[in-house]
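Encoded as structure tokens, here's the structure I'll be asking about.
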Amino acid sequence: MAEVVRTVETEDPVRPLFSPTGELTPEARSRIGLDPEGLRDLYRKMVLIRRVDQEALNLQRQGELGLWGQYLGQEAIHVGTVAALESEDWIFPSYREFGMAMCRGIDPAEILKFFRGLSHGPYDSRKHHFAPLTIVVAAQIPHAVGFAMGSRLKHSRDVTLTTFGDGATSKGDWHEAMNVAGVFKAPVIFLCQNNHWAISVPLAKQTAGSIAERAQGYGFPGIRIDGNDVLGVFAAVRAAAERARRGDGPYLIEAMTYRMGAHTTSDDPTRYRLQAELESWSAKDPIGRYREWLQGRGILDEATRAAVEREAESTAEGMRTRLRSITPGPAGEAIFGRVYGNPPDSFVEEREEFESSLEGS
Amino acid sequence: MAEVVRTVETEDPVRPLFSPTGELTPEARSRIGLDPEGLRDLYRKMVLIRRVDQEALNLQRQGELGLWGQYLGQEAIHVGTVAALESEDWIFPSYREFGMAMCRGIDPAEILKFFRGLSHGPYDSRKHHFAPLTIVVAAQIPHAVGFAMGSRLKHSRDVTLTTFGDGATSKGDWHEAMNVAGVFKAPVIFLCQNNHWAISVPLAKQTAGSIAERAQGYGFPGIRIDGNDVLGVFAAVRAAAERARRGDGPYLIEAMTYRMGAHTTSDDPTRYRLQAELESWSAKDPIGRYREWLQGRGILDEATRAAVEREAESTAEGMRTRLRSITPGPAGEAIFGRVYGNPPDSFVEEREEFESSLEGS
Amino acid sequence: MEPVTMAKAINLSLREALTRDENVLVFGEDVGALGGVFRITDGLQKAFGEDRVFDTPLAESAIIGIAVGLALRGFKPVPEIQFDGFIYSAFDQIVSMVAKYRNRSGISMPITIRVPFGGHIGAVEHHSESPEAYFTHTAGLKVVAPATPGDAYALLQSAIADPDPVIFFEPKARYYLKEEIDPVRQVPLGKARVAREGSGVTVIAYGPTVSIALEAATAAEKENMSLEVIDLRSLSPLDMPTVLESLRKTHRAVIVHEAPVFGGFGGEIAARIADDGFDLLAAPVTRVGGMDAPYPPARYEKLYLPDVDRILEEADVALAYG
Amino acid sequence: MEPVTMAKAINLSLREALTRDENVLVFGEDVGALGGVFRITDGLQKAFGEDRVFDTPLAESAIIGIAVGLALRGFKPVPEIQFDGFIYSAFDQIVSMVAKYRNRSGISMPITIRVPFGGHIGAVEHHSESPEAYFTHTAGLKVVAPATPGDAYALLQSAIADPDPVIFFEPKARYYLKEEIDPVRQVPLGKARVAREGSGVTVIAYGPTVSIALEAATAAEKENMSLEVIDLRSLSPLDMPTVLESLRKTHRAVIVHEAPVFGGFGGEIAARIADDGFDLLAAPVTRVGGMDAPYPPARYEKLYLPDVDRILEEADVALAYG
């Protein structure tokens, strides 16, 4: 029997950085490898994306967007993750990663076309190495694995990261992708944003087990960390990425956080969760905690802080203005334009008929 | 963070019965709870189903069956599992569980109708508490979980067992079912027959991880055991079943064995595996090992052994004769008879037309 | 009884089923405390308890898979798939298991799979699909799509009572249509209805397109064109007698559904009319449907979907034909 | 070059593609050392290495899902689904991702999904399905089904070269059909062929039913009935011009496929003929297909499937009509 018993032998550079409960150790924090400018930039980005999140919510309420899903409370994961990766590393997001997209330099007004009902995929994924937002839960996870397998085949050093929610871990695609990644030692990082809720379903009804502990069942390591600590997220993703770059294969990071807002603007959380839970998590707010840490070290002065607030305001303002100024593209292009690379004649005719019928009306 | 860290707290009555490498401990073996008659019956059943497996192979070669998939080498799992369950406990099999079906008292000649192309489901699942053979890998696993959830809702004490191969553990359905079972604490036993191959794909290319260790990720225990030891299988299934009956929820058993034959009669294993591997496993043959153990304890004398051989011969002979005597049912009934409980008029008409067209010809 | 919305009618029908038969179970994503994203199951968990109305993990294939096991255990599962676009990951369990299980085992599968479907709600991708043709082609399944609150109530009763699996498509854009419903009125599976009598052209619709067809008929009247509107209600089995009956009067037909026309269910209807009704036809049977492209961003859905004008155009062509 | 079987022709076509373009990858269950359960990929792993021809775990959804990722990375994936009946668990990845990804992102998905399909091989359940209608209805996909070794070779070249996703259905019961093939002959997607000229009735077939249609034509000749046989080759896009061209001559059509008739792809063909070809028709377009029941046990498959007699019967009816 012994010969067939297999356990995870690959070394784990992430685990030593964290306490058993998933807190970044003081030593690891002190050796984070970011200069004051870099440390401030993490703060700046968290403030910016939170302000934009709020602005998008306002826009939805004012009828400018069909839908909005806040990431309020999950900013540390969005910012820490992108900062830890190299710009060539592709990210395969779910639908709540607006903040990550911004950190990749995508114009927030452009992304909002998605929520304004103007486009299923408004930005250039190849330019930003950021795959389209994916509505079908977990469907992007095997894509990331295939992409990472491809990177290996091309002997490229880039790694791939895919992120998803706690609910996504219940889907068959999550499992099939994890297992295939393990078999092919694909350079891919699985980042679970465990925000405790899948719409109205709490974590305890989503799974009776531990998500992070599942990794060993696929032959690679996993860890549960504090997802509201931007430096912890940065350190974990950085270490997991370096490991994957070295060719040591996949890693699963379960970042514990909390969905402070509604699932989306169509949702009413008062029907299923208690205010108290929310309050206990406000105390762990990723921005507040990090601000205090920076201030405690004298890395963030009032002037800088005020400047960041001003920048956030103008970013939100700019987004609002640009969004309002967007004129929808022509219907023919929007409906037929990107379906085929080599459109069949019948399809071209259908488009022409459609377009002439519009001129007609 | 601490509050969200969850680990498997339910007690595990199976683990203490086994050594770290999955061998039943001498103490557990001595306390197996079977009298000499019961111990002999396990031997008898293994011999019977192996002989019938050989007979079915012959029948296929003689053109009497369209296909045959041998379970040669996996008899200990088939026999030990059924012996450990109560007759009301439903079993949800894959397609290789002919031996289990026989142990449930199903006439082997009847089951062969499946492989003779006469029926998709030749036996009465409700009578034998044995679900139909399932060709779609892993598809039966969620059925077992739903059935077990139903047993709980009906406050019945029966437990459900589903069995599948190592390849099946790569499917999304396997994962979704495991997770749902954990959440609802369903009284279900997941029995993986890890025979090291999925057609031509070896275990190492099927997963880089450990199947048994995955259970904790779903909130219940799992164990890897020697699947060629009938008493080990019996003890593990019995203990897991008692645990589930007590309401402690699911259990995963990974029984290590080896597919000694081809995948099916359509397969040619010489294209992908070495004779040497086969030989190393012949040494662990479940029947030979158990016979020696019984003889060592004077529980099996030559007369009994000869009687069992004779019974096996006549069972095979009887199966062959009954199979040959089967006359296929009428086509109308075979094609249309069981599709709907409340057949639409158009469907009834189609059947009538079909049947009259047959009279025509 | 005052008028209720279709959403409420379905809720009442589920209550009735849960009350009448203790083996009826309602489950799916967010159907419990939340009452479903459309509030169709509102209050059911409170009324019938967590054993009979429960949330599942986010796993469509398992939702249908456990329904099969529960049916084997003697229950009548009524699982919900939250949106049309998320039924695809349960496709294997539906097509290979739910639809074929009785044929395989002789054991009935009284499963009713509720699916809000169709567009016109301004949603993001995957929330406006019309996948009915994938299921009408699957032997062993029955497929239903009500267009009114009353029919939704009654057809759901029939679906749950039926021993066979039923895919119950709810036109989500019509959840807020209101009408008085009669809880005792029975609507069997497989029976279409004439939603409006007419003499010129038969417009065949189901689910969300029935009200558009009726609008078209009203508009047509002003142009002295008379449209008869047939609401199929059941797609499989398909009520051809009612369709042909109408053709005997009009000799012309236009079929309307939201799904893309190519390979859509309209093709089956048109093919049958053109075969069984060959001698009745004075003009080609035409189809008005979604474009042969994926469902577009919300801003463009009205142009993608069938509307009154496109129906009237085809009716004009049919009347002017030959 | 001496005659080769369709199985060999597909193998040669894959070799050619792997040789010509280093971005072509072949993967799936058992395609490596075993060479596939039908030996279609025989020797490819040895010739091109484990990086380009590899076995995957038993996970159809992941097989298609990684194909999407590999396509994004610049590869041309040619995944195999081992049997028709096992494609359903990949349905979400195919319908929601492969088919719609370009529409969503502007990035092409040059993926060719090979699927042995159809019956007549005496197999157990789920090994004889004809799921083509589920894919022809899915905008964004192209669907191909060759009937001869030469077309299988050429169409696979066209499918792999095409920037769009193609479901490539291989008629497994015809894997051993033999003919000489010409590797330079090109067959574009979307072009049907007249497999046999005739004047009385047009028989429209694809994949496994083409040879049955040709047999029927031969048998018909003896009864002085002349059948023209059209081999569609591509189902989507569908070559209606070639079909209508034939109808102008025969004015009668019989459609033949193995899938159940109800909601099958024949409905789309019949509906289009009855619309675009309304004035050409001297008789109703009829369909010969599988029964509207799940695929039966092997002993009964010949009775379930279309055969020469059923084709001739419908042709007779068409000719005798009116």
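General observations
A, B, C and D are the chain letters, set down in written order, and residue numbers restart from 1 in every chain.
Note that in this section a residue touches a chain if its C-beta (ideal position, glycine included) is under 8 Å from a C-beta of that chain, and two chains touch if they have at least 3 such contacts.
This one's a predicted model, so the numbers in the text were calculated from it and none came from an experiment.
Ranked by how far their CA centres sit from the centre of subunit C, the chains are topped by B. Averaging Cα coordinates per chain places subunit C and subunit D 30 Å apart.
Rounded to whole angstrom, the centroid-to-centroid distance between subunit B and subunit C, based on C-alpha atoms, equals 40 Å.
Taking each chain's centre as the mean of its C-alpha atoms, subunit B lies 36 Å from subunit D.
Touching two or more other chains at once are residues 57, 59, 61-62, 85, 89, 92, 96, 100, 103-104, 125-126, 139-140, 236, 238, 291-294 of subunit C.
Within subunit A, contacts with two or more other chains are made by residues 120, 136, 170-173, 176, 179-180, 183, 205-207, 339, 346-347. Arrangement of the chains shown, judged by which pairs touch: all-to-all, with no pair of chains left without contact. Note for the complex: subunit D touches subunit C at residues 61, 85, 88-89, 91-92, 95-96, 99-100, 103-104, 125-126, 133-134, 136-140, 236, 238, 259-260, 262-268, 270-271, 274-276, 278, 281, 283-287, 291-294. Looking at the complex, you find that subunit A touches subunit D at residues 90, 92, 120-121, 124-126, 131-132, 136, 139, 141-151, 153-154, 160, 172-173, 176-177, 179-180, 183, 338-342, 344-347. Within the complex formed with subunit B, the subunit A residues making contact are 1-2, 4-8, 21-23, 169-176, 179-180, 182-183, 185, 194, 196, 203, 205-211, 213-214, 216-220, 224, 226, 256. Put simply, subunit A touches subunit C in their complex at residues 66-67, 95, 114-120, 135-137, 167-168, 170-173, 198-201, 205-207, 266-268, 271-272, 328, 331, 334-336, 339, 346-347, 350, 354, 358, 361.
The touching residues of subunit C, when paired with subunit B in their complex, are 25, 51-52, 56-57, 59, 61-62, 64-75, 77, 89, 92-93, 96-97, 100-108, 110, 139-140, 142, 162-164, 189-190, 236-238, 240.
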